[in-house]
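Presented sequentially are two complexes of subunit A, the first with subunit B as partner and the second with subunit C.
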Partner chain A sequence: MKRVLVMLLIASLSFALFAQGASEAPKAQQEIRVLLANHPYGELLKTKIPEFEAQSGIKVNFESLQESQLTQKLTTEFATGSSTVDVFMTRPLQEGLLFIKNGWYAPLDTYDFADYPSNSVDIGRKGNSAFIVPLITEWQVMYYRKDLFAQAGLKVPTNFTELEAAAKALTKDGVAGFGSRGKGAAAVTQLSSYIYNYGGLYLDKNVAVFDSPEALEAIRFYGRLLGTYGPQGVASMSWENLMPVFQTGKLAMWTDASVFYDQVVDQTKTAIPAANVGVAQLPKGPKGDSPFIVVSWGMGMSSKSKNPDAAMQFLSWATSKEMAVEAMLKNIPMARNSAWANADVRAKMHPGLIETQAHAAKNGYPYDRPFMSAVGQARDLIGEVIIESINTKGTSTKLPALAAEKAKAVNDLLKADGEYGGN
Partner chain B sequence: MKQSLRFRIGFPLLVLIIIIPMIFPFLWMFMSAFKTQVDIISWPPKFLFSPTMVNFNKVFNEQNFLLYLKNSMIVGVGSVAISLLLGLPAAYSIARFHQKRLSVMILIARLMPGISFLMPWYIVFSRLGLMDSYTALILSHILIALPVVVWIMSSYFESVPLEMEESAMVDGATMQRAFVSIILPLSVPGIVTATTLSFIFSWNNFMFSQVLSMEKTRTLPIAVYNFMSYAEVDWGGVMAAAVAIMTPAIILTMVFQKYVVKGLTMGAVKG
Partner chain C sequence: MIKSGFFERNLKYLFPLPALLFVLLLMVFPVLYTLFVSFTEWTLTSGRPMKFVALDSYLKIMREPRFLDAVGRTFSFTVGAVVAEAVLGTTIALVLNREFKGKNALKFILLLPLVATPVAVGIVFNLFYDPTIGFLNYVLSVLGLPQSGWVTASSTVLPSLMLVDIWQWTPMIALIVLAGLAGLSNEPYESAKVDGASGAQTFFHVTLPMIMPTILTAIILRAVDALKTYDIIYAMTGGGPGYSSETLNILAYKYSFEYFNLGQASSILVFLFFLVLLFSLGVMKIRKKFEL
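Up next, the complex of A and B:
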């Protein structure tokens, strides 16, 4: 009896709590809530937001978060259906599909996408609507040590054969010849360009094909290079481990995303003189020359926004041409075509970045990972194949079977999400 | 004599072997907080370097660290105070009337993955307009603090002889009076233990604050991530922030250490 009473008491108390929530008074001044990432672009926006507020009379409540926290927070808030977020930064390749499928982005039918490369907009498109404004791009490059190349009398490699020869020649005196991410899931994005250059793909028409002979050859090559010439423990290294190795001068070549350029030459963060650091395009493979070039960040609007007009106004301002140029002048590579054509930008930005971007924009492939809702799980699965290849220096006899097994598992994930096959 | 010499050399050596693995990460963190980025990544590691205050400057001047510190304090103190208020009588009742099932239920609440509470909380708090408020954070942190209080204190109360209470009641005190005037004063070491531990758990909690707090109520563990951005980790900043976060917790623990050990063993032996 007592228990029943207690339950009733709890129930009635919680009812009272809910009832109170329903009678909330609407606010007078227009206010929006914006979630930014800890990213140089987010930092730039923060300094400019007061200007926007003065100009528009809209109050902007913003907070910035580290990217995985941002994803978790957005997911939690949207999943409960009571999010108060209006505009947010988002990673199209990581969460875009899932968010679109769940209807969390508002369609951006009035936004003018003419200034963007069409394949960058297509990633955030479903049906006739686009949902994500592409903001920031990155592409794969090769950082190398000019001084070490000069000492060894070597030229910068332009194909994979030369790359392997250079890695061999430069591995000496405690310096590793070649480095790239080896840590399973994290390595998936960096391996992608190698697979493309060998003529393979992760997904072909939404079917996992990374067990094809071409892809396997690429995985073996990647594993051989890293296993033989990579820094010690490379199979557990991601960018945050490899960058210090390069910055302390223990790595001659490093292939990773263009986004690290600033930190590699910043003299407060690196022990090697900036003049000794070169940046080149990823060498060609036997069957292709397509480094990835992806939209690493975009901006979206919540479909639950209570202030869609104010939110749209903010979105248009934050992704405007002028803002893109400002960002480019801070070495943040933007997706807008006009920003790359801007004369001030071309004069100020590092020529290595401009050249490699031009090459990637022309030849590159717009995905650096399997583009699917369960991308996290798929990356873990592919990661196991990569680690097996690195640990055996690319010689593992189990590799084809392992890759086939993981490809099947990725296909199962695709099927479970209703994304298998089709276009 | 021979054995004693061996002991005199061997014992400190053994202590060192045990202590070094524990103390080294702290030492490393502490040193890195005073290093530049270049010194932090240098190989072989530098043990002699010219210290810099750049990292602490970033923590306290460029970031709103004092605000985060205040937030963590308010949330920690608030949730622990409420947990004591509710938890002490609960623990007493569990101890005296052997309500084992109730105590197991409280433990289950603690054992459940915290993330399973987050969605309902988010819905409730956002409907109530309590997002970004101390109320929401304190209420959520009670889930962390209350079970600790109840579990430590119920075994502690069991160790207080029943006769104490009975003699008070013979003298005319009610059970409530006996609890407040006799049992509680006798249990100070246990209460201090429970307070310290639950405060530290709340202080370090990341998940609840991450979802339920926003810019105004952001707590310290979340703020550490301000130094990690896309494609860049400011290790010096992270280390300096970690030092700043740990210092209050370490001081608190050092001050109350003897109680903590006593309180824990009391519970362990007699519980």
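Up next, the complex of A and C:
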């Protein structure tokens, strides 16, 4: 008898350990799990979620993650089939193809996409279905110090020749004339507009062409500017390193994404008055005037969601027109057309952002990186070429061979993933 | 009253068994699973299912120059950091082994780097190291010395990272060696004194041989950790500039979470696992020699 009891005890003890995850009592209230990015829009949503819960009666469990951790978490959960995520913020250009290919997004066939520029929806489309609701747009701008330009008697540069002359004139007294991302993979997005303005591309019809003479000229120019007039250590700097340099007054011009304006002039972090910080469009190049304008963030629904109706309800609310206007009033540039047409928004948003957006929307190019599943590895490969160019101030004789080698490596990745050529 | 059946006699083993099994599973399963994945080709970017390819992932990774560089870097980082930590740590322990005023306060201060979170340490050191607005270059410029690129230049990045590791982990070696010193008996010192040994002779022929096993233990503990260093490097440079601070762990991270090439990432990790294992066995052998 005692033996039986002991065995029962052991069995029940060990069982209890494993049973926990499986026993979920049915709940009356619907619950969804949402993953947000540490992005101004994610922050805004967090403050609004209680309103949604009160309206809909759906309980929202949300988590906020830094962008690369978000990708990592989603990928791990989806790849191991253990995901309980219902709705998530997603980066269409970085992970869209990968997620669509693996069937991780649910098709959004009932969503009304009429209010979005069609090319922004197309990025997240496969066949007849769209998978990503575009949220945030981002384009390249040039932040510059109005006071330094005035002191030097310079005008804001409108082409690359003037840009280089201004960078040269402004590099003095411990101030770097020009900055932009130099840290290999992170620099790829910022270099893209320079390549377009020189008439080149990263990928042409899904073939890597960043070793073309046009692209090489752009890479040399970028390397020469950063190597000669950039802050010290620029080859390992991304935006998070450049921003404090700009904010402490050690940088005169800085080309980067439009989203940073509010942070740049945050008076708790900088000694430079907002009135001295200008936002201009990227100067045009010898063969083009096409800054990137991309959908940097979108929102998607998991194909494994156990609660698709509640998830759809949340998605529609989080990407609604009203929410877009609210975000725009906080200088978060949204993808919806109606948000840009809104009179309140136009009156309140920084005029530099409105002007540069209008220019980019008209002339810009909708990619800022090679659009492919293995984009992470491709960015590292292109990054090697960028760093070589910066370290040699654009003069490296090895550059054509290096670019050709890396272009071949990117083509090999495209081939391995079945994405090479075509389209 | 108690019948001596098998269960009754072995109750003390049976009760912890479920917990033991659970912990074993938690530790052994990931290792075995990684080993399994390392024999497959599994790239999420291709959308294809996992495929068994035997040693193909290993062969591919061996041909990758970045991997070979990372192996070299992992070694130089470990050797550089641990040797400096061992020398400094032993010196500090010898100083602390004497009686002087403020000894306890000094010990307390020494403990502080040990309890700091590596990522926070990395962020703070990055502020110090920043070439334009950082504290260290400011100090160098005040002293009239040439400025350094610190973690932003490929020539100085590895030593700069070692410096952080040394700052954080020297105290650990100091504390372990100090404990070893406290346990030494006085007799050999007395006989050395009687034989007329000098201070240096006493140190090299009496103290050092006696605490060598302790120092080697500390070195094993540190080196195993240093070979696997991830947090500080990831937080400070992410492996950059370029690939110039990419160690095996960082490379494996990139292969898995940036390239989604899980097969090759696993083969890197298995390689690292055996590297650490071989290294520990090697040092343990040396340690045995001293214990004789």
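One rule holds for everything that comes next: the second predicted complex is superposed on the first by the 397 of 423 C-alpha atoms of A that agree within 3 Å, B and C clash if a C-alpha of one lies under 4 Å from a C-alpha of the other, contacts with A are read in each partner's own complex, and residues count from 1 in each chain.
Just so we're on the same page, contacts are C-beta pairs under 8 Å (C-beta built on N, C-alpha and C of every residue); 3 or more make two chains touch, one makes a residue touch a chain.
Quick caveat, the model's predicted, so the values are computed rather than measured.
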Q.
For A:Lys406, using the defined touch cut-off, is the partner it touches subunit B, subunit C, both, or neither? Pick first, second, both or neither.
A. neither
(Q) Let me test your reading of the model: by the given contact rule, A:Thr248 touches which partner, first (subunit B), second (subunit C), both or neither? (A) both
Q. With the two structures laid over each other on chain A, which partner does A:Ala79 touch: subunit B (first), subunit C (second), both, or neither?
A. both
Q) Counting only touches as set out at the top, which of subunit B and subunit C does A:Ala374 meet: first, second, both, neither? A) second
Q: Could you tell me if A:Phe62 is touching subunit B, subunit C, both of them or neither one (first, second, both, neither)?
A: first
Q: Figure out whether A:Arg145 sits in contact with subunit B (first) or subunit C (second), or with both, or with neither.
A: neither
Q) Touch check for A:Gly184: first (subunit B), second (subunit C), both, or neither? A) second
Q: Could you look at A:His359 and tell me whether it touches subunit B, subunit C, both or neither (first, second, both, neither)?
A: neither
Q: Once the structures are superposed on A, label A:Trp239 by its partner contacts, choosing first (subunit B), second (subunit C), both or neither.
A: first
Q. Both subunit B and subunit C contact which residues of subunit A?
A. 17, 72, 79, 244, 248, 250
Q. What does subunit A use to touch subunit B in their complex?
A. 17-18, 20-22, 24, 37-40, 42, 61-67, 69, 72-73, 76-77, 79-84, 239-240, 244, 247-248, 250, 257, 259-260, 263, 268-271, 296-297
Q.
Help me check something: in the complex, which residues belonging to subunit C touch subunit A?
A. 3, 5, 7-8, 11, 14-15, 17-18, 21-22, 43-47, 130-133, 147, 149-153, 237, 240-243, 254, 257-262
Q) For subunit B, which residues are in contact with subunit A within the complex? A) 36-38, 41-43, 118-119, 122-124, 126-129, 131, 210-211, 214-215, 218, 222, 225-226, 228-233
Q. Which of the residues in subunit A come into contact with subunit C in the complex?
A. 2-3, 6-7, 10, 13-14, 17, 68, 71-72, 75, 79, 98, 101-102, 176, 183-184, 231-237, 241, 244-245, 248, 250, 373-374, 376-377, 380, 383-384, 387, 413, 416-418
